[in-house]
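Given below, in the form of structure tokens, are the structures.
Look at the two complexes coming up: chain A is in both, with chain B in one and chain C in the other.
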Partner chain A sequence: MIAAIREAVAERLGSCDGVVALRRRNGGVAPHLFQKGDELAEMELSPRYPLMTVVSRLHKAFPAIRLGVVARGCDERAYVEMAKRNQIDPTRLEIIGFACTAEEAQACYCREPSPKHPVAGTPPAPGPPNPLVAKYDSLPLEERRSFWKKQFSKCIKCYGCRNICPECFCEACAMEDMAWVEPGLLAPPFPTFHLIRAMHMASRCVACRECEHTCPAYIPLTVLYDLMRRDIADLLGYIPGADIEAQQPLSLSLEQAPLKK
Partner chain B sequence: MSVESGFDPKIVAFMCNWCTYAGADNAGVARMESPHNILAVRVMCSGRVSPEMVIRAFRSGADGVLVMGCHIGDCHYAAGNHRTAKRMPLLRNLLGYVGINPERMELAWVSAGEAPRFVEVTQAFTKKIRNLGPLAQEVTE
Partner chain C sequence: MEYQNTLTTCIYCGCGCSMYVETIDGRITGVWPDKTNQISGGRLCIKGWNVTGFVGHPDRLKNPLLRKEGKLVEVTWDEALSQVAEKLSGIKRESGADSIGLMTSAKCTNEENYLMNKFARAVLGTNNIDHCARL
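Up next is the complex of A and B:
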């Protein structure tokens, strides 16, 4: 599979200024901007990394640059929501997509484990929903509360969940505003910190699960975000990451984006 | 009744300047009796009420939070309350997901001319919260 992707990257290096992908060097893997003449044998596909954030930074720093990017399904979904919010310029980006494996789709509970037009890999069957999300509605309030209190009490407020998230790019972050999140308190008092982030992810979260993979405290953050994704679909018929033409409904009027219930 | 149960709830009510706040004011001028539990926070539009403000109200000791504004179609800023109408149900669900009874938060449209409705809504909500008991029970127990 990686051979086909390297080939596609080599081709794009003719028409773009560079291609963003992962590179293995000195025993580690990190994002890299491949340019003409670079050794493509060093290119890697794993571990997953939110490469669209790198694309966004490059697009902002170099307003004329044309890029390619090697992307998974989640990267493409992240791109869709970022482009709508002016974080990436779609006219200056080409996606070289590849499908994840069935095992990866399972592990990520991924419903869409491939970009729309992969150049490599066969799109596997979608992963199952997170079992906790699947049975969530039947859990009594007390059980939910004791579960999340315990989970949130592990938080060391490292902001890793926010920093890794491709959809977190506001210059002024509500989670750093002393009016909403009191400084110096660990763990953050239930339920302030995490509810703010969960609310801000409504209509944005593309279920890439980077936040959950990165959390040093192993807090199952995407259980909440998956529930928000379900609600925004039920309430407003919006699926983050699905359609670049669909405007995000929370900032539209009720005529433009009516409530479904 | 508050004395009997030993619990007198604190309720933060966000009210938009143009409709609900005027409605509350009219209720006062007409000497109608609305619950003393309501702590009014006047905002220019219900669309100004961010989720952070509601969460902070709970964190600061509110047992219930009301978000009130103009009826749909009457918002002074045309579509300000359209955003409220979408955002608040999401926040309500989210409270439920972490185990805070979503009944502790309510969205209500009350116009300047609806002083009796203001009294009705605030009384009914206060009664509901009184029955639910203090939030501290849920958050810190």
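Up next is the complex of A and C:
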């Protein structure tokens, strides 16, 4: 599979200024901007990094460049929501998509483990739903509260969930606003700290699960965000990352996007 | 147009979390946790995520400061080091080596800390040495 992607990248390097992908060097793998003459043999597909954040930073630093990016399904969904919020210029980006493996789709509980037009890989069956969500759904209200209280009490307030998130790009962050989050408290105030982020993820979260993977306290954050995605789908009929033409409901009035329930 | 991720190790404590410092045209633009690392496994604490904060910070000292007549003034490294050598020799001569203690820093490399340890024990002749990462 990687041979086909390297070929597609080599081809794009003819028309683009660079291609964002992963590179293995010095024993580690990190995002890299491949340019003409770079050794494509060093290119890798795993592990996942939020490559659209890299594209966004490059688009902002160099307002004229045209880029390619090697993207998974989650990267493409992140791109859709970032483009709607002016974080990426879609006219200056070409996506070189590839499908995840069936094992990856299962491990990520990914419902859409491929970009729309992959140049390599066969889109696998979607992964199963996150089993913790069903378990959580079966709990009575009071136990749900204690579930989150216990989980959030583990938080060391590293802000990693926010830092790694491709959809977290506000210059002034409410999670650092002393009016909302009292400084110096560990664990951070319950439940405001985590619910601020959850509210801001409404109609943004594309279920890439980077936040959960980077959490040093092993908080099952994607339960929270899967539930938020479900509410946004049920109430407003919006699935983040699915359609670049669909307007984000939170920027519309209730007349334009009426509640479905 | 230059984009680099430089593999490095967090300098704030002894855990050794692995990370990439991201630069665009030589200017630091962020930190990525190293997801391939066995120790930190793509996770960082708040210090790791902000480890580059001091690099371009306006409070960062660019030259040694020496207190002259009650005021801190910038001096050359030669002047600062001569002053330190003179004072330390004087204290050792008058009150003994154990009147001197050394605090080293997690923001130095392992090798620099080793040199500081050698300097304390072999040059000054004291065991009074400690390190800020012994939190």
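Rule of thumb we're sticking to: the second predicted complex is superposed on the first by the 259 of 261 C-alpha atoms of A that agree within 3 Å, B and C clash if a C-alpha of one lies under 4 Å from a C-alpha of the other, contacts with A are read in each partner's own complex, and residues count from 1 in each chain.
FYI, contacts are C-beta pairs under 8 Å (C-beta built on N, C-alpha and C of every residue); 3 or more make two chains touch, one makes a residue touch a chain.
Quantities reported herein were computed from a predicted structural model and do not represent experimental measurements.
Undergrad: Taking chain A as the common reference for superposition, should the pair chain B and chain C be classed as clashing or as fitting?
TA: These partners fit in the superposed model.
Undergrad: In the superposed arrangement, does A:K150 touch chain B (first), chain C (second), both or neither?
TA: neither
Undergrad: Please work out whether A:V54 is in contact with chain B alone, chain C alone, both, or neither, and reply first, second, both or neither.
TA: second
Undergrad: For A:F62, using the defined touch cut-off, is the partner it touches chain B, chain C, both, or neither? Pick first, second, both or neither.
TA: It touches chain C, and chain B stays clear.
Undergrad: Hey, in the superposed model, what angle do you get at chain A between chain B and chain C, Cα centres, nearest 10 degrees?
TA: Given the fit on chain A C-alpha atoms, the answer is 100 degrees.
Undergrad: Identify which of chain B and chain C touches the larger number of residues of chain A.
TA: Ranking chain B and chain C by residues of chain A touched puts B first.
Undergrad: Could you tell me if A:K260 is touching chain B, chain C, both of them or neither one (first, second, both, neither)?
TA: Neither partner.
Undergrad: Once the shared chain is lined up, is A:R85 touching chain B (first), chain C (second), both, or neither of them?
TA: Once the two structures are laid over each other on A, A:R85 reaches no partner at all.
Undergrad: Superposed on chain A, how close does chain B come to chain C by Cα atoms? Whole Å, please.
TA: Here the least C-alpha separation of chain B and chain C stands at 22 Å.
Undergrad: Please output the residues of chain C touching chain A within their complex, sorted ascending.
TA: 1-3, 5, 7, 18, 20, 22, 24-25, 29-37, 42-46, 48-49
Undergrad: Hey, which residues of chain A end up touching chain C in the complex?
TA: 17-18, 25-33, 35, 47-49, 54, 57-58, 61-62, 65, 156-160, 163-164, 213-216
Undergrad: Could you list, by residue number, the parts of chain A that touch chain B in their complex?
TA: Touching chain B from chain A are residues 136, 141-149, 174, 177, 179-180, 189-192, 194-196, 198-200, 202, 224, 227-228, 231-232, 235-236, 249-254, 257, 259.
Undergrad: Within their complex, state which residues of chain B touch chain A.
TA: That would be residues 50-52, 55-56, 59, 72, 78-79, 82-83, 85-87, 89-91, 93-101, 138-139 of chain B.
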